[in-house]
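As written, the chains take the letters A, B, C and D, and residue 1 is the first residue of each chain.
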Amino acid sequence: MTSAIQVSNLTAGYGRRQVLHNISLDIEEGMVVGIIGPNGHGKSSLLKVLSGLVPATSGQVFMGGVAIDGMSAHQRVAKGLVQIPQGDLVFPDMTVEENLLMGGYLAQGRTEIDRRVNKVYEMFPRLAERRPQIARTLSGGERRMLGIGRGLMIEGQIMLIDEPSLGLAPKVIDMVYEVLAKLRSVSPTLLVVEENPVRLQAIADRIYLMDNGEFVWNGTPDELSRNSDLIATYLGA
Amino acid sequence: MDIFLQIIISGVSLGAMYAVGTIALSLLWGTMGMMNLAHGSFIAIGGYMAYWCMTVMGASWIFVLPLALAAGMLGGYLLYHLVVRWMFERKEFSVDIIIATVAVAALVENGLLNVAGPEAKRQPFSISGGLKLGDVVLPYQTILTVAVAIILMVIVLYIVTRTKMGIVIRAVSQQQVASQLMGVNVMSAFAQAMMLAGGVAAISGVLVTGATQLFPGVGFDTTIKALVICIIAGLGNLRGAIFMAFVLGLFEVAVQYIFGQQYGFPAMLSLVIVLLILRPHGLFGKETVERV
Amino acid sequence: MNRSAQNTKRKEIWRDFWVGLAFVAIAVLIPVFDPGNYILSQITLFFIWAAVVTQWNLVFGVAGVYSLAQMAVFAIGGYATGMMGLYAGWNLWAALPIGALAAVIASFLIGAANLRLRGPYIAIMTLAIAQVLYALIVTDVECFIYKGKLCLNFTGGAKGLIQYGDFGFKELLGFKYRVLGDYYLGLVLLILGMLFALFIMYGPLGATFRALRDNRICAEARGVDRVRNQLLVFALSGIFTGLAGGVYAGIQRTFGPDVLSSTLLLFLLSMMVVGGRGTKWGPILGAGALMLVDTILRDFGEIRVAGLSLIILVVMIFLPRGLVGLVEDIFRWRPQSRWDERVKDGIARVDFREFQRLRNPKKHPLGTSGNNG
Amino acid sequence: MKRILKPRLNRSHNTVELVATAEGKAKLAERSKHAGLLDDTRRSFLKLGGGGALGVGALAMMNGEAKAQSGDPIPIGSMYPLTGPAASDGQGYKRGVELAIEEINDYGGILGRPLEPYFVDTKNMSASEVVAAANFLIDRHEVHAIINGYNIGPNDAEYEPIADAGIIYMHVNTAIQHHETVKSDPDRYFGCFMADPAEYWYGAGYITMLADLRDSGVWTPQNNKVAIIVGSIPYSIVIADAMKDAAAEKGFEIAFSEVVQTPTTEWGPVLSKIRQIDPAAIANTHFFAGDIAQCQLQFVENPTNSLFYYQYGALQKDFRDIAGDASVGALTGTVDGLLSDDYARPYVDAHSAKYGADSDPQPGALSYGPMHHYAIAAAIAGGTGEPGNHEQNRKIAWALKRFTFRGPTGSYWYHPEFQATVPYPTFTRDASLGHPHMLQQIQDKSKPPVVIYPEPFNVGAFQTPSWFT
């Protein structure tokens, strides 16, 4: 199997403060990988370094065997690396449709964009209903769907999803994970960051545990659920 | 009756000038959150291009607007790459850019002073005469200015709401990080926005100087009034701004007529103060959600 | 506050003490070298502008309220002082407190008018207030009193107030040394104004103002009364601004609406930004730097304005934290990092919790970190 | 005999002078009906011209005999707005000084020492800017004299550093306040000269001119109403006030007067109010050329049968350029006008040779004359005086007052009491002592306005404006 994204000895930080220490990671094509860990220990930072929002201090990132370190965020998107950011970074003063159109920014041709939009509406019928509505007036769950749908518009090979369940009601989280499960069948490689592993265990092939900017453990979801020490120490559950 | 008509016509003339001068300012503010106090420089550049084209080169008036558009776009491009992009990421951008663009305005004014001289000039791209309505005259220049203001507004609105470029500019202004994650080159989107605004401002400069006169500091007054209008209309609300430009023009002229010329501007500013106290987000502005 | 924070604070106070002492010592000694009236009067002007900017910095930099009405407050202080001299016949020394009082009231009202506004709206609102003041003064054309054939308007009109007296240095020191009287008066004004500003910035009020600036919603949620504090910071900044207006009126012996001009306003605003807004020494450093540049450029006639603008632009582009930031970097041998800036806003919005964690509490001894919750 | 001027004038600085002048003016009016005035003034005019010629020649002669003690350049300062809204005037004054200094240096400078000019920009003309500029010129360049244009803001605050240094200061601030300041301490302000008559005289002069036009029969007013549009700076206001004072005496009624906040370009409301009154004459005392050109354009769109008079700004080329055809027929007046006679021609020619035919010689004339006058006076006094050399500068001040100089805008005779020039015929009956207060009319948009009043400076006749029906 070929690796979709490969990270070797990555360090990064903000100013003088180092946040990620020597991270290495190899994700094979079509895999769903979850990263869990306590709040504020570098999970989101790792995604931002991967997507190019935050520069790495050292180390390398390869996509399909090609180094992408020097690329800016928008160039990485063009290579097929999609990040769905944490919270709702939707465009608040644009309609649902316009938000989706922005997702299709790199797509060529009206018909292609229409095809993708319709695909997203199929996946999220709620969004189709809300088509002309201004994004800021959507509910939290709808906005999260919009964020994911917008990400799907790019049709990239790799999707980095940052805390999809953050701040949502359990019912809505169920919906979000239904969608993620569907995504798994569509095929792109997924890297999902979550604070809590419970939901992730259902869809992930492999789970990494991050603490203080380092991976301290990795294994399959089954192994995780069997390791009570780990759960007690890090996840407090 | 004539007096009433006269007030309407003077008010519309003034309002047309305000309106045409407001569009570019409102555009930049609405998209980039940038209060461009160098707006007046673009107005002056447009005016001087017209003067240069028709008086110095002796060319036809046909070339004036394209030339002004090109000069304004170039100016917008330069302003973005030389100044704006360096401070855009800062937290205090909204204040920093005020000071920076004032410095740019002073620089441009000084340059024009040294190159073109301090004298007030007649800007030749204008129509004299007017339509006789009884004892009152509706100047053709006013009709032209109103027409161009509305055409510019329609074009700008079309670009911003209907074209890909417009959607991208709006997206970038609302959510930079997300735009990047959609594959948008934020820098070039802003450069485009500034070029559009620069071109529109330069064209408005041709109109404004045609109705008044041309000198290096010509844009300052228009800028101040345009700012006031944008604020009253609400952040970046282009349609509201155009509407308010005419309302304020009429209001100013009516006050001038009833209470005396000297009270026009202070009354307009007082109205702004009262409006802002009552409606802190402008008349047509939305309450923005504050980011924590 | 824990012990180490207290230690840093004490260290900081001592540092400010020595910086201040050095500044005062130099300022006191300059006239000994007899640099001429021109230099002395330019430095006097610097003292006055620096005094205004330090007070403005409390509102603009520390409390983060983008008010552009500071020169209007200054003007009201100056006009009130001059009018007390002209119409009530008061000695200007006695009129100074009245000027300060008038300025405090005006500043308070301006703060009240802005309570519901934020960001650039405040800038426009305050600019409009200053412009209305200007327009009302220059259109005041009724003769209020006659002095000989001279018609004097109530406010002095566009011409400005005249003949309200001065501080009496002419009689006390003679024509030749009157400049020295002005000089030391300006210095005393700046020293007192700076002490006042430091006192506020070190005190609990300063911490509250900063908390409101950095995160209004969190601060309000924790029970900070924004309305009360905004009114307070406006009123407090009015005291020495009004006094500075009075001192300026007494030194110039004429006080006109040109102090409300946008050129002067932006010159002073540039002082604050170039120096480093929200910092303790930025306003003085910025005022000194810009006065110096402006003075040097006086030799260059027409390009003086252009030169000044260019320098302001360069500083703004390359030194985002102002000259104070540059000085800090020089002493710490640490280059400014763009990512430092970015993390403070853009990126930080994405992950606010991470942002909080990243804050280095040592960098902010009076720290925002303690007040942000 | 009927006194022409109201008591308020007599409350002024110089009762005796003014009353005498008032009587003189009455006589003048009477005599002008016969042809006597012409002869009188023509004679003094010739005398005057001769004096001017002597002036330049004298400087050359004195230079020839001078044994130069030193060839060091003499620093001369100037401080006016070179940037900002009044830059147009400031740049003009700068050219006037440059041109005069070039000419003086061609003749060998002052007693063999060339002059070297230093210019400072006073930006917004505020008190602090101008005082700083004066201090700068004195301390840094040690200028021996400041030959200036005008600054609006300082209210004579700049007199203090200049008086401390004891140098010569000649300006055209056109402000009555100069009289008061000088009279308050003549010994201290010995070096401060105002090289043009105070704005105060404009108002009375304008009404007099209207009356003369009416009385001579070239203009038949439709009624006795006069409307005044008042600019919002003191200069404009003082003039308007003086017009109001003088109107009734000449049989006019001020039917309308309104302050306009300037600068402005929208004149619709005020013009429509005036239109309702339909006055015989309108005066606009705002003086920015571009603004009042708009006023004229908007007036002509829908005119009334009124003479339209503009203060000063209409003299400038900008006014005619902007108003174009609409400018023809407009009246303007000044006590600072560039004369259209043979005496002024060399200046005009030199100006267009140096700065191009397109340049406007009007503002430069106001600094050009005083610069020459100073050079001659300094040569007579035996040299210039640096800051601190009160003794030498007092000699120059004496020479400036003693020897009248004829410049391109009229005669520089400084009144001994208030050290400012005076207007002819409003203040002095002797054309050789005054700056002529001229009424001018634009009769061709491509040419400077034509002087139509007073004798002997007039070169053309009043024409009924084209907008009259």
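In this section, a contact is a pair of C-beta atoms (placed from the backbone, for glycine too) under 8 Å apart; a residue touches a chain by one contact, two chains touch by 3 or more.
As the structure is a prediction and not an experimental result, all values here were calculated from the model.
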**Message:** On a CA-centroid basis, which chain has its centre farthest from subunit C's?
**Reply:** A
**Item:** Pair of chains joined by more contacts [C-beta pairs], A-B or B-D
**Value:** B-D
**Message:** As a quick test, compute the distance in whole Å between the mean CA positions of subunit B and subunit D.
**Reply:** 39
**Interchain centroid distance [CA atoms averaged], subunit A/subunit B, Å** = 42
**Item:** Centre-to-centre distance between subunit C and subunit B (centres being mean Cα positions), rounded to whole Å
**Value:** 31
**Message:** Can you work out the whole-Å distance between the CA centroids of subunit A and subunit D?
**Reply:** 78
**Prompt:** Tell me, which residues of subunit B touch at least two other chains?
**Reply:** 109-110, 113, 177, 262, 265-266
**Sequence positions of subunit A contacting 2 or more other chains** = 53, 85, 89
**Message:** Where in subunit C do residues touch at least two different other chains?
**Reply:** 135, 139, 302, 305, 342, 347, 350
**Asked** Which subunit D residues qualify as touching subunit C in the complex?
**Response** 11-13, 82-84, 119-121, 123-128, 131-133, 135-136, 138-140, 152-157, 160-161, 163-164, 176-177, 179-180, 200, 230, 232-234, 237-238, 241, 259, 261
**Fill in**
subunit B contacts subunit A in the complex at 164, 167-168, 170-171, 174-175, 177-186, 289
**Request:** Please give the residue numbers of subunit A that touch subunit B in the complex, ascending.
**Result:** 51-53, 72-74, 77-78, 82-85, 89-94, 98, 101-103, 105-106, 136, 150-151, 154
**Prompt:** What residues of subunit B sit close enough to touch subunit C in their complex?
**Reply:** 35, 83, 86-87, 89-92, 94-96, 98-100, 102-104, 106-107, 109-111, 113-114, 176-177, 220, 224, 227-228, 231, 262-263, 265-266, 269-270, 272-273, 276-277, 280-282, 290-292
**Prompt:** Of all residues in subunit D, which touch subunit B in the complex?
**Reply:** 83-85, 87-88, 90-91, 232, 258-261, 263-266, 268-270, 272-273, 276, 288-290, 293-294, 297, 301-302, 317-318, 321-322, 324, 360
